[in-house]
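First chain written, first letter: the chains are A, B, C and D, and each begins at residue 1.
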Amino acid sequence: MLKAGIMGSTGYTGHELIGLLKRHPAVEIVFAASASSAGSDLIQAYPGGPAQALVAPDEVDLSSADVAFLCVPHGSAAPWAKRAIEAGARVIDLSADFRLSDPQVFKSWYGVEHAAPELLDNAVYGLTEWAREDLPEAQLVANPGCYPTSVLLPLLPLVQAGALSGTVVVDSKSGVTGAGRRPRPHTQFAELSENLVPYALGRAHRHVPEMEQALAWASPTPPGLIFSPHLLPVARGILSTIYAPLAEGWDEALLRQVLTGAYADEVFVELLPPGDAATLAHVVRSNRCVMGVVVSEGTAIITSAIDNLLKGAAGQAVQNMNAVFGLDETLGVV
Amino acid sequence: MLKAGIMGSTGYTGHELIGLLKRHPAVEIVFAASASSAGSDLIQAYPGGPAQALVAPDEVDLSSADVAFLCVPHGSAAPWAKRAIEAGARVIDLSADFRLSDPQVFKSWYGVEHAAPELLDNAVYGLTEWAREDLPEAQLVANPGCYPTSVLLPLLPLVQAGALSGTVVVDSKSGVTGAGRRPRPHTQFAELSENLVPYALGRAHRHVPEMEQALAWASPTPPGLIFSPHLLPVARGILSTIYAPLAEGWDEALLRQVLTGAYADEVFVELLPPGDAATLAHVVRSNRCVMGVVVSEGTAIITSAIDNLLKGAAGQAVQNMNAVFGLDETLGVV
Amino acid sequence: MLKAGIMGSTGYTGHELIGLLKRHPAVEIVFAASASSAGSDLIQAYPGGPAQALVAPDEVDLSSADVAFLCVPHGSAAPWAKRAIEAGARVIDLSADFRLSDPQVFKSWYGVEHAAPELLDNAVYGLTEWAREDLPEAQLVANPGCYPTSVLLPLLPLVQAGALSGTVVVDSKSGVTGAGRRPRPHTQFAELSENLVPYALGRAHRHVPEMEQALAWASPTPPGLIFSPHLLPVARGILSTIYAPLAEGWDEALLRQVLTGAYADEVFVELLPPGDAATLAHVVRSNRCVMGVVVSEGTAIITSAIDNLLKGAAGQAVQNMNAVFGLDETLGVV
Amino acid sequence: MLKAGIMGSTGYTGHELIGLLKRHPAVEIVFAASASSAGSDLIQAYPGGPAQALVAPDEVDLSSADVAFLCVPHGSAAPWAKRAIEAGARVIDLSADFRLSDPQVFKSWYGVEHAAPELLDNAVYGLTEWAREDLPEAQLVANPGCYPTSVLLPLLPLVQAGALSGTVVVDSKSGVTGAGRRPRPHTQFAELSENLVPYALGRAHRHVPEMEQALAWASPTPPGLIFSPHLLPVARGILSTIYAPLAEGWDEALLRQVLTGAYADEVFVELLPPGDAATLAHVVRSNRCVMGVVVSEGTAIITSAIDNLLKGAAGQAVQNMNAVFGLDETLGVV
């Protein structure tokens, strides 16, 4: 049995992850830490369970874990990653701390000096379907952001194939668990119910550099990005509607050929048949990314849906853990 | 034009009240105070409007107002009531500070010494349909709580008529604006959506003594009360399902006769025809209380619905203001 | 592997059941029939899956199944039960057809002549925790209604122990999947969102005779029932708030002792600690029934929550199947 | 008092319209017809009111009306328009029948021969802010579609000014009342709650030709359109996020200058300050269109929000009626 430890257990991501790990046939949780709720049980915060005793971060023995999952806030994960690696654990970081390979870029978007820049070079960006070769050797996996996961899965193969040109418009809509569990005015039921809230339009969201970095890995001439997130009155799920101008000579059939080539054998990625669009109902409570594509006016209109807490966070983290330790990637995830 | 001032403008009740007053044909707002948002405009907190400049409580000239509405938290209203009355304004208090006539009872339920017990004797409990005789002379109106309004309107005439015996069970369900605007974990969208949360079951809610006090005004032998509030995944509205054992000789026809006698001429109270039950859709965004009644096993099952922010708070407050100043009660409310 | 067949696959209950059976380690689905969608796949109606080819009811070979689940409308199940038993299959009927042991009572509540009254005597009412002795021999299991499951689990041990007297008031609130999948005006999003709808108040709902029949099994002098269902703006889950007057000498501690005695060893039934009330969040997407109890004014106030599609339908059906075939009851359910 | 008649009273639009007209100080309803509910009262379908007796379409005396509002389905309005005009009434048609000036285009999108093509030439496309000159003389007003209203109000001045070039991407999200009141599977609460559903992506929606026709009025070289509607889990409101590539030399300041020039004096159109985006909360239950604009990567990102039942249907219809009859446009609308 793999011994897993969790830092940051009471946020939505930590809770979802603990639920997955407790049902995982090859994993045993050795600790679940929480700075705010140490001494209590996770079920007190989430009455639907699971039960999991919570310990103080200071009391954790990192060396007892084969793998440490970091679900702490951005900026707080890097020091824990360092300590966990020194203690001999593999690390899967669900924060943003190791997603951007350049510490200056990190600083400009997250406002703090990176606490462990020396680890950046060896961190693997864990979009599992694209990181498989590197995962078995990875000491440190940077689990991708939720929006980027929904956007990169359809875009990476198309950019790599040279199918796109010009600026890609990404209009994303996210459930409110993506905003975290700390109570805030705009995430209150009475404010969000019957509402829809765009925010950080254009190039203002921290996921923009993350997406651009990955697209640049796929092509020396990646398309530009406009990214418009919206807060939806739903608990979970992301739907990204992506408008990607096609390069000369591309049509829907060719796009489908590329996407099928990339994902036909993937358990967690599905291309819908012509005419179908992805909806949240396709993916909520599953680790799948479901995508539809149609071409209009020389532009690919891609709908890509994930569950932000699963494929967009905890599910992909477990998928990554499975890959790191040589297990069947689907174990404990479906 | 009546000159109205509001203390506590940015909570749900204050916002709703300001919206009503701005549309009221005989009222002019002379100040709207907010301790937390002074210097900004109400529309920054509520993008749907209305616009209303907010001032600091300290800067308010209470003597400029003919009527002061207090939408501040329980315990904070009493000092303001005192100052406003001294400044010559009539006061309509939407907090609980003047609902309980006995300061000891207040202290035992609200945990603080009453700040102006000398005003209690002259405060009028403003369940408008039952307070009309006293309102024109009232210096101070205690606007009823939201749950009590939904419960007392159907029960008062029945208790007065001696129709009930034994213990009345009140199973109430409230929209989340009733819990106030301060962000808290259980009022987050992701926690409340797809949920239903009972709380303060039995005799633990502060509205129990308020309801019992009013029932005791109606009868020397009022029925006992069990009260179970539930938090609903809706923004606004209260539905109380009331189970009232009938006294000997009472049936549905007689109950209907009493209720019709009490409310046939009332604009804001409606008894549904036999077989119909009240729903939130009957009342949300109106100042009405709609009630249905059916008898089963010698028990009256009464459904009573109000909008917690209107008949349960701001709407009844304006109705009371109209009555205090001799205006048509419906002015600015429908 | 048990061979399972499903009649009526595209309703909410059939879909939920198929999802459970496909993940069940000891079950293989041999057919899934649908009168309305034969020839298509279940995933076309439910994009989140699972995939399951649907066949016409006429084309089904009932003898290929060890167990037939009937998820067809009330009145349509009895003929199928007959044919399935004749074909040698055990039957688990999720309709109401075999819940009431008296065919005259069935007729008076469901408006049709019972199609297989000769089977009623041997049908086992499958409230699993109370039917365990009879299930291994059962040819035909009548899976309980959703509301009755939420009500009987807490009430049966208390009635059996003689703890209650007088009339029990049951105020139930149900998610809209309980109303079935056929589109109707009052279950439209725009009608139900921000609404709450009481219906069939008192003794008008078909689940009343079902609950009374079971209570009469537990005591020769069962309490009377008042039952008030409400339609909630949530997809799934039932919360019943039950007001049960206590017999002489009973208090909260004694009630807890009885409930603990009945359920301490049960995986799917949980009594919350003193002071806690059951919420939908405790149970949605689980097969559990979670209950809280508090006493006020000589009345037990019991909150009892289930997922209407799981413990209230498909989950309990699989639990019953496990019991019928001697498997671990929790297999494929948790 | 203007005498108003309504054909098609029980849909969401008809109901909303009747509510507005009953509160309108200068209007009297002379008939409200409903094919499906003749003989009953509107309040039976909408318990929140208003009350309005419904008559059979055949029994209506069109000549009794100064103005006839047509809220019947597409294709059914044209014959009524003809009869109403012959009877001497002015007509405001809320269906699509007179929005497209070319009957061949109508036929290709709506699948039926136009029933009154001779009226098309004189029909005024009633986007009020752009139709004011023609409204006083109009016999027949084609009330714009809901999506087009949200899109054309921001785009028309920009297209007229030559600010845009290339293809405009419109990503629209609509509340479910836009889909009409007839119960259908995908508009059921249990299907739409926690979901988000794109449909008719690209150029497949009937509002595309309507928007393109209006843009072509504004410029001989209008931009191309990609239009992607999404169904939101909210009852009412449309938010369109519009991505419009700028022509050479345009920036945010210039765009704001054009929009301010167009709408600074408009009561119902508001441009938000820099940095703010429109949300549904800005507009629901008001007749306003609120818009935000930001420029990124040479593309204007415009958020434009309306209430689909008010500015997108009944509210604009009353605004148009006011303009037709020379009344203050805001009468009965705010």
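Keep in mind that, in the parts below, a residue touches a chain if its C-beta (ideal position, glycine included) is under 8 Å from a C-beta of that chain, and two chains touch if they have at least 3 such contacts.
These figures come from a predicted structure and were not determined experimentally.
Think of each touching pair as a link: the shortest run of links from chain A to chain D has 1 of them. With every chain reduced to the mean of its CA atoms, the largest distance from chain A is reached by B. Chain A and chain B have Cα centroids separated by 46 Å. Distance from the chain B centre to the chain D centre is 38 Å, each centre being the mean of its Cα atoms. Here the CA centre of chain B is 39 Å from the CA centre of chain C.
Counting partner chains per residue, chain B has residues 175, 191, 193-194, 233-236, 279, 281, 284 touching two or more of them.
Every residue of chain D that touches chain B in the complex is listed here, in rising order: 46-49, 193-194, 279, 281-286, 290.
The touching residues of chain A, when paired with chain B in their complex, are 12, 175-177, 181, 183-185, 187-194, 233-236. By the touch criterion given at the top, residues 167, 169, 171, 173, 175, 191, 193-199, 201-203, 224-226, 228, 230, 232-237, 239, 241, 243, 277-281, 284, 292, 294-299, 301, 303 of chain D touch chain A in their complex.
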